[in-house]
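Residue numbering begins at 1 within each chain, and the chains themselves are lettered A, B and C in the order written.
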Amino acid sequence: MNAMNQSEFRQDIAPGETLLAVDNVTLRFGGVKAITDVSFDIRKGEVRAIIGPNGAGKTSMLNVINGFYHPQEGRITYRGQTRSKMRPHVAASQGIARTFQNVALFKGMTTLDNIMVGRTLKMRTPFFWHLFRHGPAMREEIEHRKFVEEIIDFLEIEHIRKVPVGKLPYGLQKRVELGRALAMQPELLLLDEPMAGMNLEEKEDMCRFILDTKDQYGTTIALIEHDMGVVMDLSDRVVVLEYGQKIADGTPDEVKKNQKVIDAYLGVAH
Amino acid sequence: MFYREAGQYKKTYSADMAVFPILQDRIGIGLILATAAIIIPIFGSNFFISTVMIPFLVFSLAAMGLNIVTGYTGLISLGTGAFMGVGAFACYKLTTYFPNVNIIIWILASGVFSAAIGALFGLPSLRIKGFYLAVATLAAQFFLEWCFVRVPWLFNYNASGAIEVPQRTLFGVAITGANATPTTRYLVLLGIVVLMTWVASNILHGRIGRTFMAVRDMDIAAELMGIRLLPAKLTAFAMSSFYCGVAGACMMFLWYGGGEASDAFNINQSFNILFMVIIGGLGSLIGCFFGAALLNIVPIILKFGLPAMGLPLAGATAEHINHLFVGSLIIFFLIVEPHGLARLWQITKQKLRTWPFPY
Amino acid sequence: MDLLFKIFIDPFLQMGGAPDLLVQTLWEGLVSGVLYALIALGFVLIFKASGVFNFAQGIMVVFAGLTLVGLHEKGVPAWLAVLLTLGVMLALAVAVERVVLRPLVNQPDIILFMATFGLTYVLIGIGEFIFGGEPKQMITEELGLPRGAIDVAMLGGRVTFQKIDIAAAVIASIMIAALAVFFQYTRIGRALRAVADSHKAALSVGISLNQIWAIVWFAAGIVALITGIMWGARSDVSFALQTIALKALPVLILGGFTSIPGAIVGGLIIGIGEKLAEFYWGPLVGGGIENWIAYVIALGFLMVRPQGLFGDKIIERI
């Protein structure tokens, strides 16, 4: 894990300080309010879970954070920089990476190529050298290949290195997707239901990868997940959304006891 | 039995990332190049070289261009013919103004102009996708076609409205114009095609190729990975049009030896090239050659081969059968093997590895 | 300055100066617009029901017209030729469903789109092979369609209306109305709309996709035949129409792929727009701009409203 430790993270934010703050964000599609006046923060180095029933606006929230949707109201402060609008590629270049609810891999490409795409932002050789695939272009390619091989090692997917990802089973695809996000060396990693549709064993593997990611790279993680056992075990703090509104925020234990959360999940007797 | 990689260990990443990692592949490529560069010029008849080989190489180049934008980046273009035309006219104007510069340089440089035009017409690709984009490229096709006819400056105010290819030489040997032998033109063309295939393979195997494919497979995810879509798509359009432009210049200067743009660069040419790409294999360089070879050889067989075998066929009928055949072939390939001849080739290679045993 | 005058002021002065010419141009545009709309309608029918962007619709128009004329040339009476052509279009619809659509179910849209390219060439090949590649005269008289023209004095000049054009406009309106009724009030129409919304949901309530697709392609074939007759009567029946038929694509872009009213409005905008552009602005650049102006109009429009005139705003999800 050598290359990882010499990572290029800007360590200007100390662990425990606020890395990202969402303030009073409202997102509308036409007349439909997907998110209403939601505020929360993510601290550096923590695992922050976002939970809630289906349609609560969790994925929309991630989309807002990495600039794919632009909220009509509210502000987002990332590393002390406030913005209301941001293009996704800018978010990516500032160290926000993510995985997707429905695996969004590049299906026609191999595992290796998929993860290599994650390195795109770190590659800088001018076009000219790519004409020959020699000199700087090739050196850069090899240097990043080494890095990617480490991720492949870490995720234990050596055997599928050269298989087109479209042919892989779902669990492995999820793992490749995590690898692709890790290749970006993100400061903040957004995971959208990383364990959906997995069996117990695969879930345990994925939990291990998430915790290892946090420990080894110091990556801050925001996580959407429906498996409450996983959420309570993994996360440091939990924010609960329902119908686009925040109904609870706190440590797993606090959230578990919150009456509103219990109502949201179990229903209320009227 | 013979096609096997056992015992060939890759010890470095660069060996693993080579385009032809297996020794037998490298030998095969060497043999093909040797055949193309030595055996065909010596033993091939003028008819064979000028009717089969030269069109084949020109179409391969054009198909490569289209494949970059459609096969690798997933943006359908129906303007290939027009972009080829831009290359042909650019080359014509350049060699008219600077007759002393070698024509090969101008053939390659003409690609720059079609790249610029291609990028310009690629601009809408940021906002529009799929079928909509196909229609946008039709705008390029028809607008440029109109320019080729209506802007007399392009064809030097000729009465005929056609490109008249002047004689240009390399080391004293005529390579364009009426005095250039088919063999000379073939060798020049072969050089250009080999060079450009090598460059395309280099680009597509590296970061830029991966960017293209990422945009093709899932553009939203690509953007969230930090790929800026507009520059990526414009690069694809520019690079594609560069190849098409050079193909167009080659077509006029090394194959047709002059002619009317409205015939050579019309919408049917665009379709023709698109079919080569589909049948050859979207997203495969070697597929471009397969597709070009097949669609180039079928009309020739219908036109010359059948009469030679004692099956006389009127010229018009041959063309009709050709349409029918090409159309059926496309449907057939889309149903049976959407990745075209290139995938069949891959499967064959896979089988060869274990031959004569099934596993 | 002079150029700006020629582009922005002079054409309008001309329009005001000779209103009869303007009316004539508008009428011409309207008629070709109706025909574009008819082709676009065929596209929309198929796209709505099967999600296939049928590039071959233009060639189906030529093919239908050619079959009709070709049969008549071989001595078949006009009314029988029409019936037989309808039979051919039905056979074509069933064949397309069996041979092309069914094996390609669940493939990406773009593959189906390309398959219709193949279909285009097959149809060209068959049509040419059986009936020859030369342009043919449409059998206008035998079908009982009016010929000749009406001259109307108006606005200080004379405006000519071809009777066949009037007939085309009327027939097109009737057919569109009939289609609307069919879609809205019949059982098959309801099934079609269900399939258009969701293939899977339609399947789950017992609608046969294969049957629906064959029906839609046949409907598109009927539209193609009528379009072919009208268009053939105005010029002649030949494969050159194919390029003109591509104009239906910008029409679709304006109207959106799934909207029948969109196809009609889009057709009229394109038809009138290109005639006006050709007549008043064309001479500035040497004419002939009719071939591409439609695409440029559509392209400009797309940049502003990527979802078309009547489409819903596209929300991208991930």
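For the reader, a short list of remarks on this structure follows.
Note that in this section a residue touches a chain if its C-beta (ideal position, glycine included) is under 8 Å from a C-beta of that chain, and two chains touch if they have at least 3 such contacts.
All values derive from a computational prediction rather than experimental measurement.
The interface with the greater count of contacting C-beta pairs, when A-B is set against B-C, is B-C. Closest to the protein's overall CA centre, chain by chain, comes B. Relative to the C-alpha centre of subunit B, the farthest chain centre belongs to A. Chain centres here are Cα averages; for subunit A and subunit C they lie 48 Å apart. Between subunit A and subunit B, the centres computed from C-alpha atoms are 41 Å apart.
Remark: subunit B and subunit C have CA centroids separated by 33 Å (rounded to whole angstrom).
Touching of two or more other chains is recorded for residues 68, 100, 104 of subunit A.
In subunit C, the residues that reach two or more other chains under the touch definition are 316, 318.
Within subunit B, contacts with two or more other chains are made by residues 220-221, 224.
Interface of subunit B with subunit C (complex): residues 74, 76, 124, 127-128, 130-132, 134-136, 138-139, 142-143, 145-146, 149-150, 220-221, 224, 267, 271, 274-275, 278, 316-317, 319-331, 334-335, 338. On the subunit C side of its complex with subunit B, the touching residues are 53, 99-100, 103-104, 107, 109-111, 113-115, 117-126, 128-129, 132-133, 243, 246, 249-250, 252-253, 257, 285-289, 291-292, 295-296, 298-299, 302-303, 306, 316, 318.
Per the touch definition, subunit B reaches subunit A in the complex via residues 12-14, 17, 199, 201-203, 205-208, 210-211, 213-214, 216-218, 220-229, 283.
Only residues 66, 68, 87-89, 91-93, 97-98, 100, 104-109, 113, 116-118, 120-121, 123, 125, 127, 130-133, 137-138, 140-142, 145-146, 180, 184 of subunit A touch subunit B when the two sit together in their complex.
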